[in-house]
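One chain, chain A, appears in both complexes that follow, with chain B as partner in the first and chain C in the second.
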Partner chain A sequence: MFPELNNLLNTTPDRVEQGKLTLLCDAKTDGSFLVHHFLSFYLKANCKVCFVALIQSFSHYNIVGQKLGVSLTAARECGQLVFLEGLKSSVDVFFRAQAEPHPLQFLREADAGNLQPLYEFVREALKPADDGQAAWRCPVLLVDDLSVLLSLGMGAVAVLDFIHYCRAAVCWEQKGNIVALVHDSGDAEDEENDILLNGLSHQSHLILRAEGLATGFCRDVHGQLKILWRTPSQPAAQRDRSLTYQYKIQDKSVSFFAKGMSPAIL
Partner chain B sequence: MAAAATCGTGAGNKGCTAAAAAAAGKNNVTSFQRKGPRASVPDSGCARLVSIAGTRPSVRNGQLLVSTGLPALDQLLGGGLAVGTVLLIEEDKYNIYSSLLFKYFLAEGVINGHTLLVASAKEDPADILQELPAPLLDDNCKKDFDEDVCNPKTPESNIKMKIAWRYQLLPKMEPGPVSSSRFGHYYDLSKRMPQELIEASKWHGFFFPEKLSPTLNIEPCSLTHGYIKLLQFIQNVIYEEGFDGSNPQKKQKNILRIGIQNLGSPLWGDDICCTENCDNSHSLTKFLYVLRGLLRTSLSACIITMPTHLIQNKAIIARVTNLSDTVVGLESFIGSERETNPLYKDYHGLIHIRQIPRLNNLIYDVSDVKDLAFKLKRKLFTIERLHLPPDLSDTVSRSSKQIPAASSRLLGPDCGVMAGGRKHLDF
Partner chain C sequence: MESVWGVGGLVLLRDSVEWEGRSLLKAFVKKSALCGEQVHILGCEVSEDEFREGFDSSINSRLVYHDLFRDPFNWSQAGGALPGGPLGALRALCKRTEPGPVTIALDSLSWLLLHLPCTTLCQALCALSQQHSPLGGSPPVEPVRVLGLLHMELHGPGPMGALSSLAQTEVTLSGTAGQALAHILCQRPRQHPTHQTQCFSILPDFSLDLQEGPTLESQPHPDPHIPPVEPTTHLTFNLHLSKKEREAKDSLTLPFQFSSEKQQALLRPGPSQATSNIFYEPDVYDDLDQEDPDDDLDV
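Up next, the complex of A and B:
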């Protein structure tokens, strides 16, 4: 996790909010550093994490996690982390017929059905232990990323339904959190993606949006991060709080600064 | 050489084997090597994997890299193409330079002794391999190519070392017929690859018209028939030859180079290039996803050329870019108004690095130069920064003022939405 981002979001691993949906969004840049942040943050906060990693392999997250101070292999072995590796499982699902329903069953199907097997997997992974003892703090579902599901044949409505079911199970029933990454296609006119992004924006409590700079590429400032705190259930008369920072990604951390205050310029 | 002298026994000594295989060409090898590729191969194979011919570990994250066949492009991509990733080339309008990059990639595989898998719906893979360009050999190696390899009477052995005399006693590293210890070679386009090199190489061909079967006896899923067949073929080769380490009979220590030509074109049975609202719009993206899954779990690297200029639906291009690791776009000047534009007279086209992956890392190697142009000469494909020639006329007559920054797709990664505006800047 990045200590500077924790300060901006006003959270620490000891004080974890519950029942929140956080939406990570990136436009014209790569927002995966936010995924690494939340993954290491919740692992350090002693939460049980179910990570649906559809874009990269386990070792990628593991190596970056080690730079940020968490060991994914250790977390997986002791049961704190349930990792669904999309790329590896897709090969198994696609080439060999599975006996029991696999979370990525939709890869074999022609008609875009629904993501129910995936939801069942998440629910099974995050359900509390049978003996009633709370070994971990609160369950967390992390998805990287939801836009890939659209590319794999699911409709935007199916993905929104999946998040809705997960919210009911994880956020409301078990008082956990959900963090999901969606790409913003910008001017590529991806209607399904826009539906998904808008739908999730209205449901989220916290939106972190990483954008490229409006003036183009810069070596010292890699992008801009917009943080928006929302209260979905409150009436719209209450103003949502929003902050904008610029950031630079380094080898093991990300430094944030106010707009125009990059250390390279001052 | 010092590492080779000091490390004694130990088959697992990665630094020793890497230094031994490196000979004189490499300047990035240190005796400290991080773990090898990201592919999930058993640990006992890790130590020996670094010494696969034609690969080198990345300086940044220890990732195993292979050359794309074009040293200029290797440099722009941060040292080379990572094993287990996909390089997507967005074709230029007449598919001239993209097929050239395709051939460079395959030729590099032949030189390094990698196994090739060539898939095409347009040309027979055997014909593609016949047309590979010949490598440029150094003069020394050309001599060895004809003579006996173990010729002790090379001129260097006559020089007695005075100070480092202990190194004289070490066995000499004899280069093969081609200097395969180098990473990245140059090719002469006017000559063909020698027949004996092609025959010595191991390759698998997938020519789609031959694999068409009249009856479809596979489970229906939304992939087109061509893609399903190709995926099964690739998976078969990977499993049979042991590139993913799962076959107990075969222990493979080589790289599989996969080349897929014109993916997405109607010849593969896909209609995304024909209409905007196509039935199987997820076919190509699903294919890319499963292909990437196959690559991540095996020792292979893939190059795909795709005619993205024909794809009508821009959303698909964005999705395809997100599903690939490295994306390079080519834009040639042939047939466009820029061919006669004096600004571009030295170059044949523009090259856009659209995406570079961040593998095992938060950061990645990105060059500062965003406007790159390429130039093709007989022996050299150079990529350099686009230099505007000086305007030496009395009046300001530069025609570049008429060319606004039309499309934001010209910009590389990490550029904002507004940077590709319609107004051209007047300073």
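Up next, the complex of A and C:
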């Protein structure tokens, strides 16, 4: 996790808010550093994490996690981390007997209407232990990323329904959190992606939006991060807070600074 | 904002990601409950606990919550889902038979529009807005108020236009500089549509606090502390003429300007006007041959 980002969000692994949906989105840049942040953050916070990783392999996230101080291998072995490696298990779908349910079953079906098998997988992974003992602080679902589900043939409404059911099970029933990454296609006029992004935005309590700089690539400033706190059901004492920072990604950390205040140009 | 309460029918609350509308929906729900109306809520987007949060027990006791959030499509097969799915739940609301004024809150209309065909939803909304008395056949007694929360970014112009045409009142939320604004458009039958903008805020107990009229965007005034800058103060060349320089300039005759004096001078070439001559001093090596070199030509 990045301590500077924790300061901006006013959280620490010891004080984790519960029942929240956090939306990560990126436009014209790569927002995966936010996924690595939240993965290591919640593992350090002693939460049980179900990570639906559809973009990269386990070893990729493990290597980055080690730079940030967590071992995904150890977390998986002790049961803290349930890892769905999409790249590997998508092949398994085709070599299984059809009757056996698989979370990525929709890859096999010509007209898969919904993501119910994936939801059942998440629900099973995060259900409380049978003995009633709370071994972990709270369950967390992390998805990297939801836009790829659209590319794989699911409709935006089906993905929204999947998140809807996850919210009901993880956020409401078990007072856990959900963090999901969605790409913003920007000018590409992808209607389905816009519906997904806007639909999730309306349900989110926190939106982190990483954008490339309007002026293009810069060696010392890799992009800017917009943070929007929302209260979907409560009247805000003051209107929902919004902050913008610029950032630079380094080997083991990300540094944040106010716009125009990069150390390289001061 | 009182115009929203005047007549029943469909009231659209159009919100955006930046200016959410659920708290205004809850404020309207609270107001209806305080007026003694029954309030039915079709909850699709948030849990019942989350919706009821912030209301005291007297308000909560008047709310009837129809839960489409927990299991709208019966995936859990646990029997907790509303029969008939979203459309069944909506039609069940049409079949209520309790007397008295009723407010129905749809949280949210966007969720229903994403899951039902637009035409089916519009038909259901029409049926919902027209309350018939339990005796059947007699004209509507109590108009039903239907509050629908609509997220503007999610829908194209077609469905938005269809819902607008059904609505008696549209409240569009926006704001500037931390102040929330409600743009209210009322369309009453046989009357001109009226438009109004209202500043408001919602208190933690979901009471509506209406504020003074909207501050119009004023023209940007020039800052009185900054003096106007004179652009010609530090030039390296002279843009101005002194009086003497101006007189000399005005009296100058341009070479190709044809004045009457020039005309007279040309008509009377006087002795003062010298004829032009060429003075040539021959060089030592010059060969001055007076013969005409063209003499041998027979032309």
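We adopt the following convention: the second predicted complex is superposed on the first by the 255 of 266 C-alpha atoms of A that agree within 3 Å, B and C clash if a C-alpha of one lies under 4 Å from a C-alpha of the other, contacts with A are read in each partner's own complex, and residues count from 1 in each chain.
The working rule: contacts are C-beta pairs under 8 Å (C-beta built on N, C-alpha and C of every residue); 3 or more make two chains touch, one makes a residue touch a chain.
Because the structure is predicted, anything quoted here is derived from the model rather than measured.
> So, on chain A, is it clash or fit between chain B and chain C?
After superposition on chain A, which the two structures share, chain B sits beside chain C with no clash.
> Check whether A:30 is in contact with chain B, with chain C, with both or with neither, and answer first, second, both or neither.
It touches chain B, and chain C stays clear.
> Between chain B (first) and chain C (second), which, if any, makes contact with A:15: first, second, both or neither?
neither
> Quick one: name whichever of chain B and chain C touches more residues of chain A.
B
> Go through the superposed model and pick first if A:109 touches only chain B, second if only chain C, both, or neither.
first
> Looking at A:211 after the superposition, I want to know if it touches chain B, chain C, both of them or none. Which is it: first, second, both, neither?
In the superposition, A:211 touches chain B alone.
> With the two complexes superposed on chain A, say which partner A:230 touches: chain B (first), chain C (second), both, or neither.
second
> Angle chain B-chain A-chain C between C-alpha centres, in steps of 10 degrees?
100
> Taking the superposed arrangement, what is the smallest distance in Å from a C-alpha atom of chain B to one of chain C?
It is 18 Å, taken between the nearest C-alpha atoms.
> Which residues of chain A touch chain C in their complex?
114, 116, 119-120, 157, 160-161, 164-165, 168, 172, 194-195, 198-199, 201-203, 207, 228, 230-240
> Report the residues of chain C in contact with chain A in the complex, numbered from low to high.
17-20, 22-23, 26-27, 45-47, 49-51, 53-54, 69-73, 75, 110, 114-115, 151, 153-154, 175, 178-180, 201-204, 206
> Which positions of chain B touch chain A when the two form their complex?
38, 40, 61, 219-222, 231-232, 235, 282, 285-286, 289-290, 292-294, 296-297, 314-315, 317-319, 322-323, 358-363, 368, 370, 408, 411-419
> Which residues of chain A touch chain B once you look at their complex with the stated criterion?
27-30, 32-33, 36, 57, 59-60, 63-64, 67, 86-91, 94-95, 97, 107-112, 147-148, 150-153, 183, 185-193, 211-217, 219, 222-224, 249-252, 254
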